[in-house]
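These notes are about the structure you will find just below.
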Amino acid sequence: MKKIVSFGEIMGRLSPPGYGRIVQADSLNLTFGGGEANVTAALAHWGIPAAHVTKFPDNEMGRAATAYFRKVGVDMSFVNYGGNRLGLYFTEFGAAMRPSKVVYDRADSSFAHMHPNEFNWVEILEDAQWFHWTGITPAISDSAAQAVKKAIKTANEMGITVSADVNYRKNLWQYGKSVQDVMPELIEGCDIIVCGKGDAEDILNIVPDGSTKSGFESMCRQIMARFPRLKKIINTKRGQISASANTLSAMGFDGENLIKTETVEISQIVDRIGGGDAFMAGYIYGNVMGMDEKDSLRFGVAASALKHTIEGDINLSNLDEVELVLSGDLTGRLKR
Amino acid sequence: MKKIVSFGEIMGRLSPPGYGRIVQADSLNLTFGGGEANVTAALAHWGIPAAHVTKFPDNEMGRAATAYFRKVGVDMSFVNYGGNRLGLYFTEFGAAMRPSKVVYDRADSSFAHMHPNEFNWVEILEDAQWFHWTGITPAISDSAAQAVKKAIKTANEMGITVSADVNYRKNLWQYGKSVQDVMPELIEGCDIIVCGKGDAEDILNIVPDGSTKSGFESMCRQIMARFPRLKKIINTKRGQISASANTLSAMGFDGENLIKTETVEISQIVDRIGGGDAFMAGYIYGNVMGMDEKDSLRFGVAASALKHTIEGDINLSNLDEVELVLSGDLTGRLKR
Amino acid sequence: MKKIVSFGEIMGRLSPPGYGRIVQADSLNLTFGGGEANVTAALAHWGIPAAHVTKFPDNEMGRAATAYFRKVGVDMSFVNYGGNRLGLYFTEFGAAMRPSKVVYDRADSSFAHMHPNEFNWVEILEDAQWFHWTGITPAISDSAAQAVKKAIKTANEMGITVSADVNYRKNLWQYGKSVQDVMPELIEGCDIIVCGKGDAEDILNIVPDGSTKSGFESMCRQIMARFPRLKKIINTKRGQISASANTLSAMGFDGENLIKTETVEISQIVDRIGGGDAFMAGYIYGNVMGMDEKDSLRFGVAASALKHTIEGDINLSNLDEVELVLSGDLTGRLKR
Amino acid sequence: MKKIVSFGEIMGRLSPPGYGRIVQADSLNLTFGGGEANVTAALAHWGIPAAHVTKFPDNEMGRAATAYFRKVGVDMSFVNYGGNRLGLYFTEFGAAMRPSKVVYDRADSSFAHMHPNEFNWVEILEDAQWFHWTGITPAISDSAAQAVKKAIKTANEMGITVSADVNYRKNLWQYGKSVQDVMPELIEGCDIIVCGKGDAEDILNIVPDGSTKSGFESMCRQIMARFPRLKKIINTKRGQISASANTLSAMGFDGENLIKTETVEISQIVDRIGGGDAFMAGYIYGNVMGMDEKDSLRFGVAASALKHTIEGDINLSNLDEVELVLSGDLTGRLKR
Amino acid sequence: MKKIVSFGEIMGRLSPPGYGRIVQADSLNLTFGGGEANVTAALAHWGIPAAHVTKFPDNEMGRAATAYFRKVGVDMSFVNYGGNRLGLYFTEFGAAMRPSKVVYDRADSSFAHMHPNEFNWVEILEDAQWFHWTGITPAISDSAAQAVKKAIKTANEMGITVSADVNYRKNLWQYGKSVQDVMPELIEGCDIIVCGKGDAEDILNIVPDGSTKSGFESMCRQIMARFPRLKKIINTKRGQISASANTLSAMGFDGENLIKTETVEISQIVDRIGGGDAFMAGYIYGNVMGMDEKDSLRFGVAASALKHTIEGDINLSNLDEVELVLSGDLTGRLKR
Amino acid sequence: MKKIVSFGEIMGRLSPPGYGRIVQADSLNLTFGGGEANVTAALAHWGIPAAHVTKFPDNEMGRAATAYFRKVGVDMSFVNYGGNRLGLYFTEFGAAMRPSKVVYDRADSSFAHMHPNEFNWVEILEDAQWFHWTGITPAISDSAAQAVKKAIKTANEMGITVSADVNYRKNLWQYGKSVQDVMPELIEGCDIIVCGKGDAEDILNIVPDGSTKSGFESMCRQIMARFPRLKKIINTKRGQISASANTLSAMGFDGENLIKTETVEISQIVDRIGGGDAFMAGYIYGNVMGMDEKDSLRFGVAASALKHTIEGDINLSNLDEVELVLSGDLTGRLKR
């Protein structure tokens, strides 16, 4: 099978054990993650060839980040080394009504200061079937935005499917350009995007116009009218019961039909970070394995639900576990 | 702002990790706590000037206890050092129907054997606005009872608000005097007390007399009739679903009105020890920040609920987290 | 009181901390357990004299397994040492819809390769009142099957109560004989068995025949007709809500009456392995303490429910905790 | 083989991990130890039947202490339960020129408050060949002193060898009697004692008188003249290079000859607590296995040296490791 | 006693447990340290009033850094909050011939971006007797250099002793000015400096001129000729045997005499980071306690040697431990 | 650069933390290692393309072993999955005179039961320059011996350098053939072997004959006379001071000259397992980087010495650390 390629920043994640606060901690658990690499890592864990492209500092933290993703089976041979530092984020895990909290320390990373041309996309995308990026990358720096633009363009030229989680984070976008300046041109090169109503308004000034019963469908129809390459728009819906329990479903629009999945209840959350990335990985898995749209969305939801029971950013749930959820069995019965 | 001062014993707390039993443990987590110091520590964490007065042995455990509270920002400069030992307690954490368990090893502590006159209350209470004590202190030893009596008297003379959690623990009171001998004189000096119907009966022989619909109100009216300085009587109500889930509300009587808060559900308990102290801290915070009685009680309930998600005796939840709960949002949505 | 004796394999159990997967782990928690020894260990924890008979390799792992059960108070003086290795099993703990998972590595253990005559059962069972075995032992090897047969025969001759959890595991039974060849002769020597409808069909070809409203009762009547020594057949019923929550009840048939217990809800599962063994231990405790059949079953259910809140295979819940559950109190209220 | 019996207090030991100080620790390692029980535990580890007699509180800490020694194979069935608390001690581990430090918190333990008659020594010492005690026990309380006196008397009557480490600790002896009041009568019942020159002076007012070249021999001759039952006096000599390296040798006097062992270098100390108890255990092992005096002393030294490489109070080094040291091989070559 | 004040950056320190490398770690130990704050922290640990001035981000990491130093007793009330991030450094601990390694991630910290005027030095230095800074601060940024200049000037005006460890680190000094541009003016305001021959050459172009036998003395005489306020120049000398063993001595020049201390051997290193800061703290302690120059230097050496046995940047050795080393006792004999 | 390929069993390694014994452990550290894979892993860590060939069970432990070596950068794509189990070994770490101890539990592994033809060596060795195996593999099972024979034959045909550590372990060789039956034919295909005098005698009946001053040279000359393909024979010499300190040197014979390296002292051992494999990796590194024989041996010794300071089987020391040792600097001076 041809490989999946993703591009984006990977950060070190430092979090106190258990439900501790940073002020209480004398050690922090160290993992690594990024909204794009988490997708390829989950795919690699399921046996799909997958490579991630990023830039790390040439020091112990950069090398450890490479090793972390290599461990899961991601091809890290296209990573460049240089620059200042590895971006970091600190996480405290909440419970019940106390929210989990993320504190970013990602400024001035090696990734942010990359040269826009330092990756050879033709070589990287050789033998690839799919390229995935997110709206976080163009938000980090102008050079990162230019690099992702080149990657999309190359993928389009090579006939490779392009997907994006458009994911608008207003705390980023500090380098002088606005999301509305940059993103539309990038979305133009996409075949599939994850996009919610808030994102559509913030990025594209598109709001549901009442033309369809579903606001999401209305949004999709307007976006697709503007971006003719787009074939599918998808999104998840999270029901937030507490920091310890959520529900999850997904919906998608393929230009004609609005498709909704059932809702899966997540009764005990272990670690919800990377849940959206796990959905995307599941959805891509469905696509490359030839599932139809609804099954791909359902696969994404099941995978994402399971991610909430896995420690770290990467979904390490196994295919048989996803299939059990897809079969409707949420009982978690012991497997010997 | 003028400082809050508390007085009482601080013990070392030793507990197995996770849900382990002591017989299974080869290490015990070490924290420190006390029903009075937990209140000032929570206030200090929120930026309120706060000092705690106690006595520690002049050894590694006493110094570690000082350091622990100093870390949170409590002024520990009035602590005396000397005597035999630091009181300890051992805790096992339960789950579902298995109760958490506390085993005390607090006898003959440096605090219990203090000299009744070894604290200079005039100096300590200079620049203070509030003095807090609990019914545990006079239960420990005659000299502790005398010391708290002196502290209350000094606070009264200096025009400082005095609050107490009357908290009757029948396992204590081993030194020859009964709770009914000692406590009434101490309550006389109080402006505000935490007192439930059980406490009122055990300590004051007061039982609801049917004169009001609410037994609590009836109890309060009788207590206030007896102790004219008392302005407010407050209490919490815990709904015990399991060792892993509780509900919490509070009520108060200000001499005229019975005030009740809504009930907050705590769907996943991390550590419930110190929940009552967190309530008291929240209530004091409301008072010193000028909130009205209901908002102060609500602040206490929100803070106490959040304490159940925090490891250790001290409520380290942040003000924005309390405010989120006060706004009615218990969803624990991830904060980036 | 005369002692309880069990016979069976004990394995080392290796599991990642928390909800981690083995691929994520750089350390594995080490405990030891076995379906039979877990029963005697729970009884020893409650003060009942109890001995376990097994075979360990004469190396660090075998000696550690002995020490582990000796710590709980089990008499391990009848253990033989020799042979190749200690059987192991690896466990990952699930949450919500993700199942816990067990991977066995138990082949070619010292226990499997025992000599059928290497235990002197007359000496071992001197001063015993009860002998307990399970269907796992005869499934391991021919020599293990022969050894348990000798043990049962000796117990029968010495007038000792014999109980078995017939527990058919189809992954075992690899040594050339089938469960239907071996088990009936062993069940013949039993006074009490734990047996569900699936087990009855797999082992004895017995299925409910509609003669009674309850399929279980029908099954029991047929089994008892075939095995005249059998006085009681019991079983538990697990309601599988998720990997984090279960319900539990039990039923029994004494030749005349079908007895059912109430259902206990387990709202937060810490470790469900050994839950069935904890039930058996509770049921035996009820029997040897003179409780009637219903109270013995209820004791077993309460003990088993509590086991789900205890780390490791062995039920270390205390008698007062069992009694609290028996009283209907599942609130897990803090005990000071 | 007939059993070895020891009598004395067991304390919980709490120490920070690694070289940490208590003020830095958020967890403390929990082990248990006592100068007498450490001796029987080492003997049990080597397969010698051994029982320890003591008193524990009837709570989680007392039960955990029992379990800890039961794990090593010590018969704990003669332990009594009751009273206030388990004595504790806190340890910080030093390195290089920084000393390790012990802080005791042992006052008012269940052991200290035992009734002098609560142990039935005739029953306990049935089937015993050796009784061991130390000078710590009579230093704790008058009732403990009386209990050990009864034990010695009973052992003498039953023809059981009595040994003692006379071990004068001036911080103890707080209950109103002096070491010189109490110890001589107890030493009268001993066959073998561990005693250094400092002890002899403090306890017996005996100082070397120059009659022999060796001060130790002179001391021994005077002691033996006063206590005719005494057959052997032994002692160790520690060379203190640093907290990380020591040397060790032993000497003994049997009434006629002064015997000295070679000196063993301990180049890396892991945990030196219990080193003296490990020597005593090794010496007793030599005696009960029929070694001559020099070999018994050498066995003690080798065992004690190895103890310094073992975590916790109890010497868990194996017999083959002791024999390797006895053969003069200190190279620590990897064993596969 | 009047307080000691220090000024400088504090970083979070993240290091794998034991001798692990970062690539092997799934958790990192978290402590905090800085070359100036380590000095005041050691002094606070010994009971000297001490305050540290710095700037932290207003987030969990900044608050945790405050709490960390508050725990040791440092007055952190002059810390400002704001800006981007807390500087970090990563450490791997070596052994034998493998060096320990430090990787800095300190760029763009809140401290580096402070406003040069944001500290009110007159208020901060009220009631102070001593102000300490190091050459790291002016190397970080121009505003930091300006701030330290203001602090020195204020201290000079208030008659407060000023000390500095001139400590040239060529990896810093990235903001456009050179060490030779900036430092001389700052040294002008100092009474005491720590300065080695390499520093003198790099910062001041001063090299020993052969006028005295000791190159250090020659260097000192030239420096003092140039900076008339300077009263003492001191330095340590480290003998590097391996990552696990060092030796340490110190020397000083007071304008007239060259003073040298004996050499202390550190036979087992636990954590050598902060060793120089511990020397400075010890030397200041000697000064403020009225010791003469030699005793102050010896106190510094003993304290520094002990620091190598303490985990973390801060010297938590106790005064009695320092005095033991000063007495020449390096045996590390167990203290009960 | 063309890749290095190794073939051999990888086992899970389970060891108590610190200096603990298995009987004391409630968790075991989990790493993975094998005498051949450790070599390729060290090479991959230094940036040399490297692949390892082995067989793992298709379960969590097999997958974790793959991930572990993938993390270091070893190409694990030629691993086959199937069979029973992953071989394991248990390690206790000694100190001073207490030896470290290894207990094997490797029988009946998936590797041992491989089919002799299941690896396609032509495909695997495409683009390889070097093939490495050890004498452990043919000792495990007949099919493993046949597989290694095929690999060597293919490598010879493809002109790839073949190296072997002949490493005779008499505890293995249980499957009916002797080392002398099997090994000579395999050595015939080798260009380079690691072989000591004991190995030569056990495997080849070759003993030094006095023809040269050096017994090693005499041995080498005889071996080379018998195996004409052999170009170099090398070996290490370990000086065993204690479990905590060793010395290390190497020697080699190239058919003409005997070459010896200097001796490196390892003053503090962290983990000596894999030291020999680290030497081999260093020696191969020297060869493929074009160093001469002496420098290759020196590189091997330096790498091996550093391995003793690294946790786990794999040498994760960096090239700059090796070069520091090669320069003669063993001081372990802190690197910032």
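We just call them A, B, C, D, E and F in the order they show up, numbering each chain from 1.
One rule holds in what follows: contacts are C-beta pairs under 8 Å (C-beta built on N, C-alpha and C of every residue); 3 or more make two chains touch, one makes a residue touch a chain.
Everything numeric here is computed off the predicted structure, so don't read it as measured data.
*Asks:* Is the contact between copies subunit E and subunit F built from the same residues on both sides or from different ones, judged by whether over half of the numbers are shared?
*Replies:* Result for this pair: different.
*Asks:* Farthest from subunit C in C-alpha centre terms, which chain would that be?
*Replies:* E
*Asks:* Taking each chain's centre as the mean of its CA atoms, how far is subunit C from subunit D in angstrom?
*Replies:* 41
*Asks:* Between subunit C and subunit E, what distance separates the C-alpha centroids? Give it in angstrom.
*Replies:* About 63 Å separates the centre of subunit C from that of subunit E.
*Asks:* Taking the mean of the C-alpha atoms as each chain's centre, how many Å separate subunit C from subunit F?
*Replies:* It comes to 45 Å between the two C-alpha centres.
*Asks:* Touching two or more other chains, which residues of subunit A qualify?
*Replies:* Residue numbers touching two or more other chains: 21, 23-24, 26, 67, 71, 101.
*Asks:* Okay, in this complex, where on subunit F does subunit E touch?
*Replies:* Residues of subunit F touching subunit E: 71, 264, 266-270, 305-306, 308-312, 316-317, 321, 324-325, 329-336.
*Asks:* Applying the document's contact rule, which stretches of subunit B touch subunit E when the two form their complex?
*Replies:* Residues of subunit B touching subunit E: 67-68, 70-73.
*Asks:* Across the complex, what residues on subunit D touch subunit E?
*Replies:* Answer in residue numbers: 18-21, 23-24, 94-102, 104, 169, 171, 240-245, 272-273.
*Asks:* Name, in rising order, each residue of subunit B that touches subunit D in their complex.
*Replies:* 14, 17, 21-23, 25-31, 59-61, 63-64, 67, 84-86, 88, 90, 92, 101, 103, 105, 107-108
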